[in-house]
Amino acid sequence: MQLGMIGLGRMGANLVRRVMRAGHDCVVYDRDTAAVETLVSEGVAGAESIAELTSKLAAPRVVWVMVPAGVITHTVIAELADALDEGDIVIDGGNSYYRDGVRNAEQLAQQGIRLLDCGTSGGVWGLERGFSLMIGGDRSAYAAAEPIFAALAPGVQAAERTQGRDGEVAAAEKGYLHCGPSGAGHFVKMVHNGIEYGMMAAISEGLNILHRADIGVTEGVSGDAETAPMTHPEFYRYDLDLPAIAEVWRRGSVIGSWLVDLTAAALVESPDLSAFEGRVSDSGEGRWTAIAAIEEGVPAPVITAALSSRFTSRNLNEFADKAVSAMRKQFGGHDEKPGTGR
Amino acid sequence: MQLGMIGLGRMGANLVRRVMRAGHDCVVYDRDTAAVETLVSEGVAGAESIAELTSKLAAPRVVWVMVPAGVITHTVIAELADALDEGDIVIDGGNSYYRDGVRNAEQLAQQGIRLLDCGTSGGVWGLERGFSLMIGGDRSAYAAAEPIFAALAPGVQAAERTQGRDGEVAAAEKGYLHCGPSGAGHFVKMVHNGIEYGMMAAISEGLNILHRADIGVTEGVSGDAETAPMTHPEFYRYDLDLPAIAEVWRRGSVIGSWLVDLTAAALVESPDLSAFEGRVSDSGEGRWTAIAAIEEGVPAPVITAALSSRFTSRNLNEFADKAVSAMRKQFGGHDEKPGTGR
Amino acid sequence: MQLGMIGLGRMGANLVRRVMRAGHDCVVYDRDTAAVETLVSEGVAGAESIAELTSKLAAPRVVWVMVPAGVITHTVIAELADALDEGDIVIDGGNSYYRDGVRNAEQLAQQGIRLLDCGTSGGVWGLERGFSLMIGGDRSAYAAAEPIFAALAPGVQAAERTQGRDGEVAAAEKGYLHCGPSGAGHFVKMVHNGIEYGMMAAISEGLNILHRADIGVTEGVSGDAETAPMTHPEFYRYDLDLPAIAEVWRRGSVIGSWLVDLTAAALVESPDLSAFEGRVSDSGEGRWTAIAAIEEGVPAPVITAALSSRFTSRNLNEFADKAVSAMRKQFGGHDEKPGTGR
Amino acid sequence: MQLGMIGLGRMGANLVRRVMRAGHDCVVYDRDTAAVETLVSEGVAGAESIAELTSKLAAPRVVWVMVPAGVITHTVIAELADALDEGDIVIDGGNSYYRDGVRNAEQLAQQGIRLLDCGTSGGVWGLERGFSLMIGGDRSAYAAAEPIFAALAPGVQAAERTQGRDGEVAAAEKGYLHCGPSGAGHFVKMVHNGIEYGMMAAISEGLNILHRADIGVTEGVSGDAETAPMTHPEFYRYDLDLPAIAEVWRRGSVIGSWLVDLTAAALVESPDLSAFEGRVSDSGEGRWTAIAAIEEGVPAPVITAALSSRFTSRNLNEFADKAVSAMRKQFGGHDEKPGTGR
């Protein structure tokens, strides 16, 4: 079948390539003409505008929008809607807030256009590994676009079947799922990313504990009125090989995971991770997951702690820390100990 | 080569089986004679006492101890030491506190016996998948016992090689690693389990958020002076299929992991997890990881939150919750709202 | 001056009494006629409807609304607006979401009515101690109503002046503050309550640690494969007198606070807090504070953890805990240990 | 009665002054002779050595040790013990680990010397306000030293009596308490400081949320693939006066506390807290409280989060943050966004 793709960034371009490899046709558009040209050179049909893109697709059209969430997605979908007809299908595959999807779907429905929200996981590796797709919206639209989802997903052979599942292979086992009505796809993807935040933080905290397992040697026992003396320096004398440890966790261990695989790769590249400063971005889903937990009354201490850690990595804790120091100065006359800068 | 095994529980018996399959010989002992008989019926040599076990092994002996951590491990190792000779090797493969390993190793060293501490991950699946082994202690003892570790580990073929690793396959790539001197193996395994706590909590919190994604329908908007009214019931109307969602995360997603695989299997068995009450045990490593983080000064908010959640699952928060209610009663005259029991 | 009061619950009735004591006149209304009659018997003018209440007030009227936040506040303010004239002032003194205040203020402004949002802290003790008032909205309306705020606030004599403050006494030193435009009062009160959640949780966790300081005696050292053995039972042999400890913290200690005062009172009443089940309500501000922190990108690990603990106290962690148990069963064959119920 | 004091730092010198003011005699010693001279100039008897100090005290002697916890306390107490006789009393008033107190008490008991552990709260303000004293150890020694404790404590008049307490005034109401056997005093003080960590963090997080309440104006809505766009900039337009807000919370509010008093004072001095960098020390008790919670199995998410925040304020999260960035780079090709340095 035919797919239109708007947005040819890291993710969008690879989605197109994987769809093409499965034998479907694509027409692509991006504001950045170089991005279009790259794909054209790979045999994909290009367009110089959204209108041209839609004109090259046969009705009912299926157009995937893969642009940054928020205002940009909203604007692109609005412009796209003007160029579409009743019965066409738009897929928002970006990291949109699921609530925007609900609102956008209602608006497009007034024109008879069906919006599917599709949470897309897999990152830059999706071209090879396939993408995990969490889809919400009108079921008939989902059914119409299913060949595209099937082409993008990893397929059942990507992992052993789960014990207890046999017989016909369900879509979820192939790597895509219609999760429910509008917003359900992005909702599930949002929670997926919340889990991701927690898992990444857990691994990273663990690595930091290993990283400092030698402080009984490097820092000694000295304490003063401002600092706790080390209670047991004799138990912190390990100089550990982190790249090897991440590697050993990849096979047979309970924490075996793609994130550990990637960590192992990162540590091979740079055992001390010196290529990074440690300023961790957050692109919305972690925040939204935490907010959903709060509004549902669900305790999510791990996911919210992981989110706080990202804020902290960008120094957003600074004023609070100053306030704690100020209180200590007030009640105890404690001056801050000089450090090597925050 | 020959291996003695003391302790034939879930883990110990499977360790023996995997070592046997690799062509080594085993002599086994357990207080529970039925456990010994089971393995004898599978062709393994049994012993009725620790002394008999050691008498059946040629020097230098290698004896693996796989019994509950703490007092039992300590007692068994002490008894075993009496039956060993200089040059023999003891492997503590249980979930011992790494500090006990350091102390035990020093004691055994006085008799010329070398203690290896071996953190063993893989659970009941290790027989099929292989075990991930994190080893500490004397390097010559490690070298002598390496064929056993190689037999137990999954082997390099269990996963694709990490990008950036080529040439000769390192032990870590096969699934076992000499991490450092005494205690290093259990230290690394301890942190592994701390990470495991965090990952499990992250997945579980996410599932709970999905589980309650329908409360806009089921609970409505009503609030009162004691309870927050729902701000956005319209955004919580999803009745989600958790077994299918866990399944779709198994292939291609960023959170793909063995724990997600197992979650998917558990949800196929029981979509509402009604077979469980939710009282989560903790067997020590999570506590020790949190304590290590504290003593090193490493922030570990996610891992410690996951640990707190385990305590809370067993109702150990009760007195604190009563105190909060008591304060609310004092300042606001708030009575507790009746519930369906804690 | 004259004040109308709508809503005569625990807070509203005491606000009226304190305003009366300061020599102002009040007209009161509540759906519950008994509540009106109580105050009438104390010499306050009553009304049988909102319309009657407004008819008894001279323009420009000042009417305080003290009803449950959310739909009820919204409805009452809408009905009240119909009975008011241009130039009148409405004060929303409840625990409204500050965003509702912004919206309500805009709506009332179209009729020339000015809405002040007033966060009111002090609980059932406010009649005696005075209330702490955080006010947002039109500055001229604030100025017009200031005598009421001054009557309700504790006054500067309630505490020693802060070091560095001298000269004329600022309103904040008397216990009330115009914080900014619409919503600012409820915003500041919201954060106040977020801090309150954190402080209450800190005190309660500490009490729980003291409460269980005897487990080296009561639980012993026994551990098994499911449970961590106690590492240092000899250090947990204290049978502590919690009422006395809370009392000793009231004078001279760094944590001296009204919340500790109230805790001491609660523990005198019931040293084991057996009057409480420990199901802690949350009435919105904690949630909103956490959401504000997230939207601002401010790390608030303590406040969000305190919020999660409230959810957990109401068993909302149950599904997540079941999921953790289910994973443990899957990978380790661990059965849940029976307990005395969740 | 007579008191010997070893250690004349911020705390020790003020303890001496307060004891003197109550009419008792003191003999003081410090390695720093200037510190001794200062007190001698105020009329206190000085000593040039521990031996001289003990020689100036009549038996049974009471000597208070107020030096940094850990090795120094241990060394001083050992030297002191050599200069004391059976029946004498040593008070360790510093922030010692309660376990050291247990061990030290056992050792001194062999010489017939009784060690009291005394947790001392009040900071630099104790001279004026009195100190809150939490005491452990031999009850007869406590009884013998009680006049000193009574002199140091604030006295019952420092706060209204707790509702429900009448009749004879208990020691706890005066501000000192015999909490139990050896270590109990420092244990209770340790938990007190754990609570203090939580309360300070709660206040500071709240201030930070207020501090950034204007980011809807200052940062705008822009987001990109790396950063979440602001969902509701219109709700974050408050430019709040933090010194005034802290002040208004001092009277009548639920969070009224000495820490809020001190925060108000600090903000008067420096509304933007620019005198501080935000590197917060931790002197042991927070760590030990967290460890006690873990060993008891008590969930303490708030106190442990507050502790993690202190570590983070000193950049000890850096390696973990780098690891998160490294994973994001691996799976998503995300580069770190440049910042203004960590």
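Letters are used for the chains, namely A, B, C and D, taken in the order the chains are written, and counting of residues starts over at 1 for each.
Simple rule for what comes next: a contact is a pair of C-beta atoms (placed from the backbone, for glycine too) under 8 Å apart; a residue touches a chain by one contact, two chains touch by 3 or more.
Just so you know, these numbers come straight off a predicted model, no measurement behind them.
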item	value
Result of counting contacting C-beta pairs for A-C and A-B, higher pair	A-B
Most distant chain from chain C by Cα centroid	B
Rounded Å distance, chain B centre to chain C centre (Cα mean)	42
Rounded Å distance between chain A and chain C, as computed from the means of their C-alpha atoms	37
Chain A and chain B, separation of their C-alpha mean positions in angstrom	28
Residues of chain D touching at least two other chains	123, 201, 203, 205, 208, 212, 231, 254, 258-259, 265, 282, 287, 295, 297-301, 305, 308-309, 312, 314, 316-317, 320, 331
Partner chain A, residues of chain B touching it in the complex	98-99, 102, 121-123, 126, 129-134, 153-156, 158-159, 162-165, 170, 172-177, 179-181, 183-184, 187-188, 191-199, 201-203, 205-206, 208-210, 212-213, 215, 230-232, 234-241, 244-245, 247-261, 264-265, 268-269, 289, 292-293, 295-303, 305-306, 308-309
Chain D to chain B touching residues, read off their complex	254, 282, 287, 290-291, 294-295, 297-301, 304-305, 307-309, 311-312, 314, 316-317, 320, 331
Partner chain C, residues of chain B touching it in the complex	9-10, 68-71, 97, 123-125, 200-201, 203-205, 207-208, 211-212, 221, 223-229, 231, 258-259, 262-263, 265-267, 270, 273, 275-284, 287, 301, 305, 309-310, 312-334, 336-342
